[in-house]
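Take a look at the structures listed below.
Okay, so subunit A shows up in both of these, paired with subunit B first and subunit C after.
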Partner chain A sequence: MLPRPTTHSKALGPGVAGPELAVAISAVLDRPPKPVSHLPLSGAQPCAVDPAALCDPRQHTKYPYVTGTSVMAIKYKDGVLVGCDTLGAYGTTKRYKSTQRIYHVNSKCVVAAGGEISDFQYISNLLDELTTDDYRFDDGIELSPQEVHSYLCRVMYNRRNKFDPLWNSLVVGGVQGGQPFLGMVGMIGTHYTDSHVTTGFANQLARPLFRERQRDDMSEEDALQLMYDALKVCYYRDKVSINKFQIAKVTKDDGVSISEPFALDMRWDYKMFAQPTKWAVGAW
Partner chain B sequence: MATAAPYQLGNPLSKVHAEAAEGHKTHATWSPYDDNGGTVVAVAGEDYCIVAGSTRMSTGFNILTRDASMLLQLTDKVVIASAGMQADRKALHKLLQHRNVMYQHDHGRPMSVSATAQLLSNTLYYKRFFPFYTFNLVAGLDEQGRGAVYNYDAVGSYERSGYFCQGSGKELIQPVLDNQLKAASPLLLPPRNSITALPLDQALDLVKDAFVSAGERDIYTGDKVEIFIITKDGIRRDELQLKLD
Partner chain C sequence: MGSNAGGFDFDLCKRNAMLENKGMVLPKAWKTGTTIAGLIYKDGVVLGADTRSTSGNTVADKNCSKIHFIAPNIYACGAGTAADLEHVTDMVSGQIALHRYATGRQTRLITAMTMFKQHLFKYQGHVGAALVLGGYDLNGPHLFTIYPHGSTDSLPFATMGSGSVNAMAMFEAYYKDDMDRSEAMALVARAIRSGVMNDLGSGSNVDLCVISKDGADYLRNYEYLQAKTYTRQFPVKYPPGTATVLKQRVLSLKDVEVIEGAAEEMDVS
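Let's look at the complex of A and B:
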């Protein structure tokens, strides 16, 4: 989120994010500004509107306060597993250690969220309203996970259009028509469905494990073991996470079950944790 | 705005607020845009049109999914391909599909390529001051049955051409197409069209080669290419597997 120098610096070559030059040399300073059609010459950010400049007393979301970290989910033979930890962090303070970040929508579908917890509570309220409508209709028909996913896509995209996003990355998991369903929606409306979805840090830590080991016809034991390994990796490497997880299981036969919070065995006595550079060349 | 709040020990965000109140931005304002990568190519022939798009969806340096479509088939003769931001692409495609259905109800026949081209331009310009972050191509067969490709910028300026590409790999592919499909100079009068005389299978091979080459050097192009081949007999779908790296 901090403005960073790009990794395609002409001086240093591609893939290297070097420091900005401390002193801008005359060749850089005297260069005339290249006309770029998509950027205004005034130097402003393209298409950015500052609500304060519009003299609007309402403020729009600028940064999240209490946040949840990654969510990870996989399909397996009987349904889907959705896992995440139970931490609500206040910046880097581990403030709320018993937040449930998985919301049980109906007997076919769960929604889990990373990002701002208060926005997730608002989304849970919206889903609750939809579920209550279904209940009042009393015709045995419930919202399918794909419908919930479409609905959340539109909600997130419309809030993004108002420059007031719900600061969440959502995972929708469930079973419909006997088939497992997994989808993700981001805070600017980016969405996709796949056999394994993740948000946040898990994109980089857990997704490779899923690509290696997840199969749509894997057994429940294999799927659980894969999920435990993914949760462990995210806990080892994400500083804002705790060793207290919940896994939601949605199957076509047994509906939704969200586990009680549990901990996983972690080892901190690996020599590479204690002395990461002991065997590195040139290290001290 | 809040009064200039001093930095408070223990409040993790107070430094950010303090500096914001003084007018410094310590971090970039949230942006409603994101580039999800991918490349689209369209080539028009005498009696066919080929349009193809990669299926990798990324954000930053992460791959989100390897199987996301960038193409929308509107009718038997018209396909829209969009590169750029996925959320805007889906919203735009949804809008166009609804307008297409309304057109069919109003006029009793499907939209022609030129009508779709104009509709897309108007739709994009409608959002001139908060654009759809999509770089589009409209491809299909015109009323005479010849291939038609229209290319757009993000706000709806468009032009009919014989071939074009958009997206993250466009700088890699466009020169190859220019070389192989030998576009007539746009300065000639009367203007010559650039519809290629190549037969369908050769043009298809060229498009596939172009994607394979782009996939080597562009990190956002890869996984698979979804190809639609539009002829008078309808639209055929083909797939090309690319490297997963």
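Let's look at the complex of A and C:
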């Protein structure tokens, strides 16, 4: 079978190719493969100008290679929870199954990323430099999560302006002044703060659950249960994910703790999954 | 207008082409950017749908009906191009009725499913109809999804449309085997609500249809999610005394002659 690019009709929902692919003409078959993973949801094309056309010998980021999928985070009574899986995928291959996509900045803040892992490692380096400067000042003052959020927003936006983005969706979570803080920064510099933030597929899968159940004064058990439900649903319906998750907890009393990777119980044994074509023989 | 000789009148085609050349943009086909969902519970099937129909970025119909009748024991929710859905469901419903008269039996769901998939495959996806087909026949409750290219799935819970991922999040989190009727209705309504609140292509209200061996219960506008705070009553009833009476004159009709019979034509010469 020749590889065919799929389009996503907004009316019909995800995973359904539109009618223009029905006819196998060379204009369709010879179309160069468009990398669709982790394109910004706004639909914007970040690298609309081909640097080669500008006679610029430098290479700019055009596609992500090793990618992480969604990140989801919620505020609760004592602080914030940030959860994601530990997969670094190479296209659709599950290549690196033990990547930690949550970076521990300081005792008040964590940053988690979806998107290109190498760019996330670069961002972690930048944050490490800032933290090291703070340490050398030796005055006990650390960067607050809101400051980290602002800094990352400027970094992402400035890279976008040079048509060379850091291909990440970042989640900044922490506690400042006794209050939980959660923010998101996208690859083109889009940013917001809210009581629950999600990136990637979790925007559509986890956000409805968070909007229904998340409260700023949730207890820790309720928050953990909500996070487990959200991680489970994202694993069920996201092709590029694995059943191995990490949750980072940032509280005002205990600082940052990033859990060991764990797996969740999944249900694959619903009765009606057993013989789906029992009454539709010949179908699938 | 053209002559009244009968047949098709193509006078406006040239005018339309000229207008398009001058830069007129034709209105887009109505689509149902949608959330539709179906769920099998212990004794039957619950189908749910939102009620927003969009034409580009405008809401074309705030309260359209996306759960289409196929047979007394079979209903289909539709996502995709509104015209395609209406016609395909009408066509299959008619064919199913003829089939029912020919065989003398209650329709089976796989018959309807096969008719849909063979029609859609023949048109290679150009008929933009994505359906969630549910019903109850002699073999129990069934739920199928049918994609525009003609493939089908048989599932215990299914969602389609632009809000399908949002609704599926609810199903994946809260589905369990052997739910009873009220639990199933609550979960489907919750899934459609999730689509309405989190997807721009879905909106307005929630329709439900519960099909069991006793028949189908079509609950139109089961939940109003974006109801107006004040709705006018029709017809408007003003209580006597609302309008101040300034003058009153009573005419007695005893002296008026009433002529029975056909009205005369007005003389306009």
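As a convention for this text, the second predicted complex is superposed on the first by the 223 of 284 C-alpha atoms of A that agree within 3 Å, B and C clash if a C-alpha of one lies under 4 Å from a C-alpha of the other, contacts with A are read in each partner's own complex, and residues count from 1 in each chain.
The rule we apply is simple: a contact is a pair of C-beta atoms (placed from the backbone, for glycine too) under 8 Å apart; a residue touches a chain by one contact, two chains touch by 3 or more.
Because the structure is predicted, anything quoted here is derived from the model rather than measured.
In the superposition on chain A, A:Ala280 contacts subunit C only, with no contact to subunit B. By the touch criterion stated above, A:Gln204 is placed in contact with subunit B and with subunit C alike.
In the superposition on chain A, A:Val233 makes contact with subunit C only, while subunit B stays out of contact range.
Common to the subunit B and subunit C contact sets on subunit A are residues 204, 207.
Remark: subunit A residues 1-3, 38, 45, 47-50, 52, 61-63, 65, 90-93, 153, 157, 160-161, 163, 165, 184, 186, 188-194, 203-204, 207 touch subunit B in the complex.
Remark: subunit C residues 31-34, 40, 79-81, 108-110, 113, 117, 124-126, 128, 130, 139-140, 142, 144, 147-149, 151-156, 159-166, 168-170, 172-173, 175, 177-178, 194, 197-198, 201 touch subunit A in the complex.
Of all the residues in subunit B, the ones that touch subunit A in their complex are 1, 12-13, 16, 26-34, 36, 57, 59, 62-68, 85-88, 90-91, 129-131, 154. Interface residues of subunit A, counted against subunit C in their complex, comprise 9-14, 16-19, 21-23, 201, 204-209, 211-212, 229, 232-233, 236-237, 270-273, 276-280, 283-284.
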